[in-house]
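Consider the two complexes below, in which chain A is the common component and chain B and chain C are the respective partners.
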Partner chain A sequence: MNLESLRKHRRRSRWVEGLFQKNPILVCGLALPFAIMVTNNLKNSVSISILMACSLIPTVLLASLVGHRLPKWLSWAVYALFSMVLVIAFQPLTAAVAPEVGDSLGIYVPILSLNTVMFALCGRYSQPGHRPILALMDSLSYSLGFALAMCLLAAIREFLGNNTIWGVAVKFPVRFTGVQIAFSGFILLALLAALLQFLRRVFLLHLYRRDNPGPNESA
Partner chain B sequence: MKLHARTAPHIRHPESSRTLMSDAIILLLVLCVLAFLYYGLRALLVCAVSVLAAVAADLVCVLLRGRRPNPRDLSAVVTGLVIALMMPATISFTAVATAAVFAIAIVKHPFGGTGSNLFNPAAAGFSFAAICWPVQVFSYPLPFDRIPLWGQAASSGQLVYQAGEMSVRLYQNPVFVLKVGGIPTNSLSEMLLGNYPGPMGATNILVLLACLCYLIYRGTVRWQLPISFLASCAAVVLLFPRESTDRIQSLLYELMSGLLLFAAVFLLSDPVTRPKRDSALIVYGIFAGIITMFCRYSGGFEESVTFAILLANAVMPAIDRHDEELHRLLRRKRLEFGKLKKTQKA
Partner chain C sequence: MNFLSEFGLAVVSAAILQNVVLTRGLGSCKRTLTLSAPRSILFLGGTLTVVTILAALIAWPLNRLVRTYQSQMQLTLRYLTSITALISICLVFLLLYLGTRAFAPKVHYYLRELMIPATFNCAVLGSIVIALTSGYGVFQAAGYALGSGIGYTAALLLIWEGRRRIALTDVPRAFRGLPILLLYMGILSLAIYGLIGHQLPT
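Moving on to the complex of A and B:
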């Protein structure tokens, strides 16, 4: 049994595991309130993804640099406060995406400073012995993975539910307004998570088969 | 000694999934024929589109799951027919096909297919269609109106079904009148015969009652479930009538309008999503009845029985589990009591 390709793939993908392999939304099931409630349209998703990246990357970096020096009871408050400051500081960026986004995001902007992706990564990198470069790469890949899942969900829901993409009307014979409600968000999220698992399994199987051809193929 | 290994089930019973589904299909076909008599060829076309969509979705899902299609499994046909008969005859083909595909591909197969689904697929399919196209789903033509085969169903709030220059006026069900606080003007005899605007298969109360009797006689439906469901609905109506003039009249209108009786016969009694024991069936029926009336009184749509059934489906495993625990406890107590009596006698 030759597992060299699989091992090589695992080593390489460690640097971008947040993108597909451990996608925060589709695989780890983190930050679900945003994935369900905010993905009504693409503008909302892009705005929240930008805010997430702007708050997540510095907070995780802070955790990896000073996390092990802080007492545990204090560290979570520090991360949350730091993330809150960043969210407030970068909030005007959402107006650049679309002026109406600020109103439609509502409560989900302040909630972003206490999201589970941040706490999971901060918890991992506040332990001593972790390299800050890994923390930076992970926070970057998790932010990208979050953005990817959010945009995918939003694009599908906006297209099917409103027949628009980024607010621009797209011709489609049927409009499924039910896709816009939170319940459909859960269903769509589950379907996309299953699809990602399936594709990942097919890819790994392909790598395995390439190195270990069956008796018929080798003949 | 030669031993023959056989896989389960080892207990043979004449009733199978196929016979249960066949019973339901026979009755649903009767309702289809009635719908044809009341609404013409379009009613049959809606049924055909729904069944075809459900069967095609089922086939695709079975193949995607890597299973072999089972021609003896008729559950997709039942789902398709039930969805079609809950719709008005003027519903667009897209809406009914979407409801059928949603029922099979989203609600039935992701949970494990026939016999494993947690929620009733037909109720979920109808609910999805009701959320997506409420105007189309809840506006009905009058029986014996000539409905053109190809037309544009009600849209943008206008209750009209348009086909070229022909147009058919659409109406609300009596349940809508009750919802907005009015008193339906339909006579009760007309309602018994199904001569009022409503879902294709759910208006003929007499036929539905006959269907219920047939299913109870055949053993497909346990009487405890529909009776407790309808009784709890009736109790809620009698205690809190929406029509304040006459409680009995209000009770009759509530029970005979909308999808209530149809749901009691074909949705609630689905053998997969109902509890197993008779006592659990009664609890389940009462719970579903109260939730149904609560949804009707305070829900967004005038007809929310399918939403209530989905809620009841979610609670069903808990009802089954607690009922089983209660029965075990009673059995243990009975045994202990028997032993105590024996020792006392000795």
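Moving on to the complex of A and C:
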């Protein structure tokens, strides 16, 4: 059994695992409130993804640099407060995407400071022996993976629910207004997660079969 | 009597009609949704409820104080309510963690692992921010916090029961794990939507 290609793929994808292999929303099931409630339209999703990246990357870097020096009971409070400061500091950036986004996001802006992606990565990199460069790469790839999943979901929901993309009307004969409601967020997310799981399996199977042809194929 | 009815209404509204998990998706992450035993769910839910109530009771006067100061100084800082709520949550966590470690080591031993996911949970912050921004009084805010905690625990127990039943069925391979769990939650959320008949404001 030749597993060299699979191992090589796993080693290479370690640097960008947050994008597909361990996508924070579709595979790891982290930060689900944002994926369910904020993906009503593309503008909201892009805004929250920007805020997520702006708060996640510095907080994970902080955890990797000083996390092992802080007592465990203090570190979580420090990460949460630091993240809240960053979220509030970078919040005006969302006005650049669309001025109305700040109001429509509501409580989902402040709760970014307690998102589970951040706590998962901070927990991993606050252990001694982890290199800060890996923390930086992981927080970058997880932020990108989060943005990718959010934008995909938002594009589908906005298109089907409002027949618009980024607020621009798109001609489509049917409009499913129910897609904008919370339960559709759960169901659409489930379908996308299943699709990604299926595609991952097909891809890994393809790599395995390429290196390990069956008796009929080798003949 | 009026206080009691307001308190009761806030509890019922937060637990059922505005369930944090099923209507707002708060506090739902794979780790908490896949807790394997009802005992762990009850411990997590109980801790979360206590933390939410205590934090709401600290945040309410703190928020009032900050708002008064803000109007006096004519500051225009957004998200002040969220900052006071998060500071209250951190204070409650430190008090509970250090207090149980010093005075009740047995309780601390059982709760030390669950205290972090129960405290630094967006359901806690979200509930307190909603209670504070809805203009609730201190009793109503405490009732809303209690209802949120009960609703969170009930939702996790419902999801655990669903997972237990799904495990006995033949689910297509692509849907195993997170996708089928999210589908089940979507159906529960649809039931709540049918009950309230509209979408909650964010």
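Methods note: the second predicted complex is superposed on the first by the 219 of 219 C-alpha atoms of A that agree within 3 Å, B and C clash if a C-alpha of one lies under 4 Å from a C-alpha of the other, contacts with A are read in each partner's own complex, and residues count from 1 in each chain.
Here, a residue touches a chain if its C-beta (ideal position, glycine included) is under 8 Å from a C-beta of that chain, and two chains touch if they have at least 3 such contacts.
Note that the structure is predicted; figures quoted are calculated from it, not measured.
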item	value
First, second, both or neither for A:33, with chain B first and chain C second	second
First (chain B), second (chain C), both or neither touched by A:213	neither
Contacts of A:173 with chain B and chain C, given as first, second, both or neither	first
Partner contacting more residues of chain A (chain B vs chain C)	C
Touched partner set for A:187, first chain B, second chain C, both or neither	both
Touched partner set for A:99, first chain B, second chain C, both or neither	neither
Footprint overlap on chain A, comparing chain B with chain C	181, 187, 190-191, 194
Complex contacts: residues of chain A adjacent to chain C	26-33, 35-37, 73-74, 76-77, 80-81, 84, 88, 91, 102, 104-111, 113-116, 119, 180-187, 189-191, 193-195, 197-198, 201
Chain B to chain A touching residues, read off their complex	94, 98, 106, 110, 128, 131-133
Residues of chain C touching chain A in the complex	22-31, 33, 78-79, 82-83, 85-87, 89-90, 93-94, 97-98, 116, 119-122, 124-126, 129-130, 133, 172-183, 185-187, 189-190, 193, 199, 201-202
Of chain A, residues touching chain B in the complex	173-179, 181, 187, 190-191, 194
